[in-house]
Amino acid sequence: MTVAAALAAHPSPAAQQDLLAAAVAAALGCSQACTACADSCLSESDVTDMRRCISTDLTCADVCAMTARVLSRQTSPDADVVRAVLVACIAACTTCGEECAAHADHHEHCRVCAQACQECAQACRALLDVLA
Amino acid sequence: MTVAAALAAHPSPAAQQDLLAAAVAAALGCSQACTACADSCLSESDVTDMRRCISTDLTCADVCAMTARVLSRQTSPDADVVRAVLVACIAACTTCGEECAAHADHHEHCRVCAQACQECAQACRALLDVLA
Amino acid sequence: MTVAAALAAHPSPAAQQDLLAAAVAAALGCSQACTACADSCLSESDVTDMRRCISTDLTCADVCAMTARVLSRQTSPDADVVRAVLVACIAACTTCGEECAAHADHHEHCRVCAQACQECAQACRALLDVLA
Amino acid sequence: MTVAAALAAHPSPAAQQDLLAAAVAAALGCSQACTACADSCLSESDVTDMRRCISTDLTCADVCAMTARVLSRQTSPDADVVRAVLVACIAACTTCGEECAAHADHHEHCRVCAQACQECAQACRALLDVLA
């Protein structure tokens, strides 16, 4: 993955490149893990117990994919928008991470996804802290 | 467009169907208007003056597309996530709408987009008010 | 929705504006109907019978959302890419439309979604015919 | 990034896990590289010469993001849809990769993006070969 290289090549790169690249990579990874987890839950024999997990996965996948895109733009970013996006991403990852963690002992995809959610929430919070 | 019908057919439809359908439709429309406006700005002879407009358009398009998806899910939505998403969408639409409004007298696509941003921000705020 | 106005305001609008605007609007509508149908299926008591429908809905939603964005760009579009995108969208809508049609008599959201898929496939095929 | 782990945890994982995981990871990376390249081009002093590059970047970002999602679903995938999606992704990456390669000697972000496009096209072609 070329996230750090792609961001550093901007003609006027933002400060905090390390935190930015970490958040973008974590959001991309979390979006994919959530998409895969929703799909895996759908094939489980206990799908009726996984409805909420599928729903939170799908929403977290959408929020994280959007976050990765917004953070990848260093041309005239609006600080209020970036902060609101990070807050939304942290909320989605926290909700989804807690739901997945509740199934982590019997579904490996939920364990993988819970970890991806936790990493993304942390990376977004670290970036938000320096932007606040 | 079948937004209202698609939402109303849910086995356990959310309260506030009218506000929900209005927000989803406005977010879809704003996402498309922003994508088209960014593309139109790119073909203008004064493209160097439209850089910030293109950037805010692209981010607003991403945030609105995500918002339309999240609001379209009525199975176990998390209230904190929905509120944070609406706040982010209002921020993106407000920023982009103001930028586009500044070009509305010489670029018709900016006038169309500014209006779509304003309508989306209003629809999201109306929904947020009843969810708060 | 301002699809036609947003597209017509481009400084060098593509030929076939009517077909283009119809395809963009149909793709946006189908993407939303598929997202809502997947979510509705997830809340049905017969969710175990709706797994394939949920999966085709989610994929069709992604393909249609992407198609609406790609078709909204009239600055230097690549004809090969546009045609390949339309072919993929027609395939996704045909597959999803057939799956939803099989459930249309007992799930209203599947009936709404099957119609949206059919309309999108037709609009994309009409555009593809003039671009081929 | 947890792409391989997330896919392998599916209750009925698809054959060709290695090719699948490689294609998903390449599509995610390419989508991000294209989003960042479009944004970097927008800030270049020669932005008027980069219009086509920005446009192909934005479309390639959308097609790759969609491809990563569709390939991440192993529950009842439709072979015709998957193949059409891969063909569209190869077309978008080939077009964008050639455009970026033409600017690679004076814009580092175009060099990074051209490479990401080439890797994604190759990974999708390798998967398409075994699915055909």
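Going in written order, the chains are labelled A, B, C and D, and every chain counts its residues from 1.
By our rule, a residue touches a chain if its C-beta (ideal position, glycine included) is under 8 Å from a C-beta of that chain, and two chains touch if they have at least 3 such contacts.
Small disclaimer: the values here were computed from a predicted structure and weren't measured.
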Inset, instruction - Look at the interfaces C-D and A-D and say which one is made up of more C-beta pairs in contact. - result: A-D
Inset, instruction - Taking B-D as the reference interface, identify its repeat among A-C, A-B or B-C, namely the pair sharing over half of the contact pairs by residue number. - result: A-C
Inset, instruction - Can you check how far apart chain A and chain C are, centre to centre, with Cα atoms defining each centre and the answer in Å? - result: 26
Legend entry - Cα-centroid distance, chain A relative to chain D, in whole angstrom: 19
Legend entry - Shared interface positions of chain B, touching two or more other chains: 39, 42-43, 51, 55, 58, 65, 69, 73, 75
Legend entry - Residue ranges of chain C in contact with chain D within the complex: 51-52, 55-56, 58-59, 62-63, 65-66, 69-70, 73, 75-78, 80-81, 84-85, 87-88, 91-92, 95
Legend entry - Residues on chain B engaged by chain D in the complex (per definition of touch): 38-39, 42-43, 47-48, 51, 54-55, 58
Inset, instruction - State the interface residues of chain A toward chain D in the complex, per the touch definition above. - result: 1-3, 5-7, 9-12, 24-25, 28-29, 32-33, 35-37, 39-40, 42-45, 61, 65, 68-69, 72-75, 107-109, 111-113, 115-116
